[in-house]
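Common to both upcoming complexes is chain A, partnered first by chain B, then by chain C.
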Partner chain A sequence: MSKLQKSAWVNLIAVTICAIIGCVAFSLLYLLNAKGIDHIFVFLIVGSLTGLCIYVFYRKKSPEAGFDEREKMIYKRAFGLAACTLTVFLSCVCIIPFFVLSGQSVIKVYYLPLILFSTLFVAQFVHSTAILIQCSLEEEDG
Partner chain B sequence: MGSDKLTNKLRRLRFENDQMTQQELADKAGVTRQTIIAIEAGKYAPSLPLAFKIARTFNVSIEDVFQYENEQS
Partner chain C sequence: MNKSQEEALLWLFLMPLSVAIGGGLLVGLVYVEGPSLRRTLLFSLFAVWTGLFWLWVLLQQKMRRKKKVTFDERDEIIHKKAALIGYVGVWLYFVTACVVPWWIVGPRGTISSNILPIILVGGIIAFSIVQSLAILIQYSWSGKSSEKLDQDVFSEPHCSKG
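Up next is the complex of A and B:
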């Protein structure tokens, strides 16, 4: 398994675990204590800062450093796909409620970070999955 | 409308050079073994610098390793 595949697997597993924990935490806060959800931004800020610190500590180099030309191409194609997915997903998440709920409705503010994190999760998920699929398609004869 | 086809003799050249492994060739060319596998299978067309590196590893010209065919239809 190449460095690119390893990093894609690590990314995919980390993102999936974070998404599961996030969904469970959000659901529990929502179901058990409706007041607590107003303070969810504190958890989001602490979680984001912790994630950022881990990212900065472990990723001193560019994510592409150490990849050969084929891996860089795969990485860039996956990045393009993830960027497209992010745009489409964010557009859908913002536009669909507008038409479903009508223009006069309001949504609670805590849905905004949820939308942001969901979009980032989907983009990261697509990026890692696209890398793994491309690698396996090119290596299936090996 | 024509279709481009890039074939190679990497596998044969490796065996003619003391049965060089894919990993050994990858180390000499400065790429991963997966890239050599993809090139051998014809699933990835290498850049010119990489094609030259591979050809020089076997001490042959680039056209002895890679063959380009353009089929006009």
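Up next is the complex of A and C:
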């Protein structure tokens, strides 16, 4: 298994775990009926610290650093595909309910974090799967 | 100001304005008159029109290739970085747009369904603004550094004599 395939598996597993933890955390907050500006600040602080930690970790031990030209090309193609999927998925998820329900109706607000998690998961899933499929296709070709 | 900077400046104003006007009009129409086949078709046309903006960039790139080389390695790196910064900016916007209403209204609250297309249109606007600004800022930085480099080279004539 190449470095690229390993990183794809790691990303796929990590994003799945993050999505599950996020859904559980939001369900817990739903049950607690957490509301207010204070929670936004807590969320922003936690989010910023997590983002900073991930950035520092990836900066030091980035798996993409040791890729060869072929792997970089595969990674690039997969990234493009993930970005396209993200755009199409987000458009469908936002537009279809809007047209089905009409503009004057209301939706439950927990639909928004659900959109966020599903988009995050779909984007990373497509990215990792595209890498793994491309690698296996190239291995078959020899 | 080179061609890329001019384009970035144009995109910075043109894209958000057109998307905001087009998207806002359609959201308003659906809100006032309700959804119908005509609205759906209009929205599809709007989506195609927005998609044509990307096609315009590709066409320009092809035309540029045919004419002469004005897009060097440095420009390519700047554009790549700007696209990546735009992507990160969209994610930050998207997280904020999804989580902040949740906190304000409360998890068991409800919100107008108009928020969905507004989030989408806002995402397109956020991407174009962040990307254009990133291009302009990177060019201004690289312009300053190259100017400084030129000044350093010209201010030390004895260095070239060895």
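Note that the second predicted complex is superposed on the first by the 100 of 142 C-alpha atoms of A that agree within 3 Å, B and C clash if a C-alpha of one lies under 4 Å from a C-alpha of the other, contacts with A are read in each partner's own complex, and residues count from 1 in each chain.
Heads up, the rule we're going with is that a contact is a pair of C-beta atoms (placed from the backbone, for glycine too) under 8 Å apart; a residue touches a chain by one contact, two chains touch by 3 or more.
A quick note: this is a predicted structure, and the numbers were derived from the prediction, not measured.
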When both partners are placed on the shared chain, which of chain B and chain C touches more of chain A = C
With the two complexes superposed on chain A, say which partner A:107 touches: chain B (first), chain C (second), both, or neither.
-> second
With the two structures laid over each other on chain A, which partner does A:99 touch: chain B (first), chain C (second), both, or neither?
-> second
Which superposed partner A:69 touches (first chain B, second chain C, both, neither) = first
Can you list the residues of chain A that touch chain B in one structure and chain C in the other?
-> none
Which residues of chain A touch chain B in the complex?
-> 2-3, 5, 68-71, 135, 137-139, 141-142
Okay, in this complex, where on chain A does chain C touch?
-> 26, 29-30, 33-37, 39-40, 43, 47, 83, 90-91, 93-95, 97-110, 112-113, 115-116, 119
Contacts from chain C onto chain A in the complex sit at residues 27, 30-32, 34-35, 39-40, 43, 47, 87, 94-95, 97-117, 119-120, 123
How about chain B: which of its residues touch chain A in the complex?
-> 22, 30-35, 37-38, 40-41, 43-44, 46-47, 50
